[in-house]
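Heads up, the next two complexes both have chain A, just with different partners, chain B and then chain C.
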Partner chain A sequence: MDRIVNGIARGVFVFLYIPIVAVIVYSFNAAGTNTRFDGLTLQWYVELFQDASLMQTLRTSALVAVITATVATIIGIMFALGLARYRGRGRGALMALIALPLIVPEIVLGVALLSVFSTTKVPLGILTLVLGHLIVSLPLATLVLMSSAAMLDPSLPEAATDLGCTPWQTFTRVYFPLLRPAVVAAWLLSFTTSFSNIVMSTFLSGVGSTTLPLKIYSSLKTGLTPSINALGALLILLTLVIVLLVGVSQMRRILVESRT
Partner chain B sequence: MTTQTTSAAADTTAPTTAPAVEIQGLSKEFAGHLAVHPLDLEIRENEFFSILGPSGCGKTTLMRMITGFETPSSGRVRLGGVDVTDVPTRNRDLNMLFQSYALFPHLTVFENVAFELRVRRVAKAEANRRTTEALELVKLGHLGDRKPDQLSGGQRQRVALARAVVSGPKVVLLDEPLGALDQQLRKEMQYELKRMQREVGITFIYVTHDQEEALTMSDRIAVMSEGVVQQVAGPEDIYNRPETRFVAGFIGSCNLLDVQAPAGAEGEEVAVEVPGVGALRGVLGETVPTPRAGTLLLRPERIEVRRAGEGDGVVGVAETLTFLGEEWHLHLRVGEHLLRASVSSLVKERDLPGLAAGDRLSLSWRPQDARIVVR
Partner chain C sequence: MTATTRAIHLGRQEKPKRGSLLLLIPGIASVVLLGVLPLFIVARNSFAVADDYGGITDGLTFENYAKLLDPVYSKTLLFSLGLGLLNTVVCLVIGYLTSYYIVSRPTNRQGFLLLLVIIPFWTDFLVRTFAWITILGSGGPIAGILGIFGIAGFSVIPSNLAVVLGLLYSFLPTAIFPIYASMRSIDPSLKEAATDLGASWWGVHRRVILPLSSPGILGAALLTFIPTMGVFVIPVLLGGGKDPLVGNLIVTLYTEFRNQPMGAAVSMVLLVLMLASMALVGLALKRSSTKRATTKKTEA
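Up next, the complex of A and B:
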């Protein structure tokens, strides 16, 4: 029995990681097609950085994702701190409203937003992308922050007030340091949600504000160039660096705390 | 020598008659329910003042109105003569010791204690000196670098206390601070708290439901029930001269007999008729203008128990005898009433050898030990 489970576990891991390994390997493939392997080259990385339109979409995606993540995290902190203390009527309804966009199919939200923007004559572009991505990443950020805020002793802010803190000082000296891991997690989660989004972007991007996933998706029709593999490999590397940075800082904190 | 030091210190840190906190007509209403009825209270400088009552009696709400966490529905709060009713908590010269201690988990012990001084921008050298002093006071000078989660319950309690007194506030409010500690530690901390309060000379307002804590530590106690202050007095007066039926029943153990109180002045000796028992002697605990329903209060240890026939008094039959080490608790059937009496082990061995359930006993007491109140 154990051997069967063991075998399945290995199979799952192979299935999960083979595409990632394949992307990295083929990004160095001299053949120019994913069906043969003709030796190593850095040609696709050079082509990638020379592809101005692809780099433009990368910049758009990064900009939208940074704005979305930052705004979602700030609003999420407010929601989380408010709801952690608020025990009155309508709390359940408010929580449900926050989580609702997670349940409603994204394509419905996309269509709905598009009609809102066209009737209000808001031009499609960075702004509409950010607003659309906010709808899908805000619930995630809020939920991550809320689970952290709910664990805080409700006496802590009162103690801070009692010891002379203004509301802003209570935030900077007590809430923020205690919520920092959740803030980082919420920001990264919102960032990836926005960065990899296709459905909302399909409806909300305008001329000149095509996002990277849209560009890659549309290049399916013309045939994927190996530069996409190079881009994929670079994104994997970036993700890995972020995970390691966050992971290492977390590890260091755990080590420091256990030292004494 | 020792006595001299104590009295010298007492000159500056003993309770005075100057009011530290004055409360006038203060009340709090929650959704149509009066949690605290309008009340007046005066807490003196350097006093160890307890607010004692069962949970839900309004003591926590009263305390939170003094700190400013709750806005009163009516009334004023004065701190050192200054009206602070509309002053936000952070600008009130008082600190609170929370039931959960509320230590900041991301800061070290030293940073926790120094927190207020840093927020209030006290110069660094001065802040460090005072923080060190406060940590010395609670005997934790060596643990300044620890995080709160590396401390025991008793140590956290001390850190919280050091943090509350470090800025030298006029008043420190303590919300059931010993609730989370085990029995042994509670006893130690009761003594320690009292010692530190004397040492720093700060008014302590101690909120608790534990009557023993209140009796052993307080200079004065306010007993609260259902949002009303029942009595404010020193521990001995609260125990020996309770003014209401609630106070008598809540503090220690007390026999409560329904009687018809005759009219008379406070302290007047009267006899009251108790159905099925007969006429009992007692004194009026307060001035009664016209006869009305009241309660006769009689502490179990104030009842003298002898063999029936050895003296005059009410005759009762022993129903149960319980041995508690230093004393015996007796349940005595008197007519339709069951009275509790306690007899010290010495007295029982000497005067009541071979006492057993079913024995007929004579019960007597001094009139002044049976108080009749109408509230």
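Up next, the complex of A and C:
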């Protein structure tokens, strides 16, 4: 029976990689259709970078993702350090609160924010996109930072304070260097969460603030083009780079250990 | 200890506490202002009367919820429940078997296998979806091969089969992580003991591994079931938009029909279903832990 399970599991790993490999392979296909394979070309990648409107959405997405990731990481650091030192009641409730947006269906969070912005007459644009992406990336960033902050030796910042460091010096000279891998991981994970977000953006983007995923989605509705495969291949490469930068052990901590 | 030194002492102890409370404020404020409060507004809007443009007026009505029984809505709700359930069951079964495979590998290999699950998990959701158009669509390799044999115009897209496949592909990694997490903490000697005592493969799973990994399985179910119903990209791209899910309904109501009260009512269905399934999972976990505790007591 174990042999059957092993067979199924190996099949699962093949299943997980068929689409990824297909997108990469066809992004170099000279045929311009996925039915045939006519040799290699970089034509679709060139076309991609010549598409001015696509490049505009790429800039929007990158801008929103950088702001979101930076804000989420800063708030996440503050929360993680605050919680690590907080010994009062309600620690569990605080952790549940910060993780809440991970559990609520994202689409409901999206319409909830849209309702707020339409009632308060906040125009949809970069700001609303950032706020929407912030609420979905903040829990991830904070979870990464919380697990690292919990492992810090509390005597180190105490020593720094005793040696006359101001709270800010304690942060820049003790906390930050110790937390740096988690800070990098939190930033990168928030960045990808924002950069590839489609659900929040569907509700919160305005005229002129179309994001890259929204652009891909709308062009896919009319049909798949070879340059979309090229774009997909680049996005897969981006994922690979980020996963490797964050590191397997960090990823494991977020995806596996935080769920036990 | 004099009063002053005590005061200094107390002051030093309380200072970091007050400081740490301040550090918590931005995080709490973000979740409350951008998450909790907006959800209450949606709840309120779901009871509102729509004005002529689908906006929110101050009225109070249950009409939006009554309209959910209309076949237009109830059909989508039931279809979503069914598809959500199907996807959850398939993800749990395959996720369970895959996790069992990963756990039974040597520890240094487990990290690599986990990385293989992490990469597709972090890959852009849209890329993961349109990849299936590349493979299964009319211009894809499968259609090409069938074309050689004279079967022209073959395409799995759009179809509900493609939707099921796309949903499975999107949610399988999500299901694997929590199941793997709880399976990993099972003492391997338990499995050996059960086998030594004559339990079959099925017996070992039914009586040892399955009950002990139930927290992870329930967690995986929670992360798969409701989110599946909220998906809107997959039914459009892989299913041709013929059979919408609750997610499609919400998007249409908010962005096309601009009927906010109705959209809010549909969103509340998703939210209430989520809260209900969380309560159910919580109850099931509590029951299984008390059951374990009582068996331990009787054994003692």
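Convention: the second predicted complex is superposed on the first by the 227 of 260 C-alpha atoms of A that agree within 3 Å, B and C clash if a C-alpha of one lies under 4 Å from a C-alpha of the other, contacts with A are read in each partner's own complex, and residues count from 1 in each chain.
In this text, contacts are C-beta pairs under 8 Å (C-beta built on N, C-alpha and C of every residue); 3 or more make two chains touch, one makes a residue touch a chain.
Computed from a predicted structure; not experimentally measured.
After superposition on the shared chain, chain A has more residues touched by C, the comparison being chain B against chain C. By the touch criterion defined above, A:213 reaches chain C but does not reach chain B. Applying the stated contact rule after C-alpha superposition, one finds that A:129 touches neither chain B nor chain C. Shared-chain residue A:156: touches chain B; no touch with chain C. Legend: residue contacts after superposition of the two complexes on their common chain; A:169 is shown touching chain B, with no touch to chain C. By the document's definition of touching, of the two partners only chain B reaches A:178; chain C does not.
By the touch criterion defined above, A:12 reaches chain C but does not reach chain B.
In the three-chain superposition model, chain A touches both chain B and chain C at residues 257, 260. Those residues of chain B lying in contact with chain A across their complex are 67, 69, 88-91, 94-96, 98-100, 102, 104-106, 115-116, 119-120, 145-147, 150, 163.
In the complex of the two chains, the chain A residues touching chain C come out as 1-2, 5-6, 8-10, 12-13, 15-20, 22-23, 26, 33-36, 74-76, 78-79, 81-88, 94, 97-98, 100-101, 103-109, 111-116, 118-119, 131-132, 134-135, 138, 142, 167, 192, 196, 198-199, 202-203, 213, 216-217, 220-221, 224, 228-229, 232, 235-236, 239-240, 242-243, 248-249, 251-252, 255-257, 259-260. Contact residues of chain C toward chain A in the complex are 16-17, 19-24, 26-28, 30-32, 34-39, 41-42, 45, 55-56, 94, 97-98, 100-102, 104, 111, 113-128, 130-135, 137, 139-141, 143-144, 147, 169, 172-173, 177-178, 180-182, 184-185, 201-202, 215-216, 219, 222, 226-227, 229-230, 232-233, 236-237, 247, 250-251, 254-255, 260, 263-264, 267, 270-271, 274, 278. Taken in their complex, chain A has these residues touching chain B: 153, 155-156, 158-166, 169, 173-174, 177-178, 257, 260.
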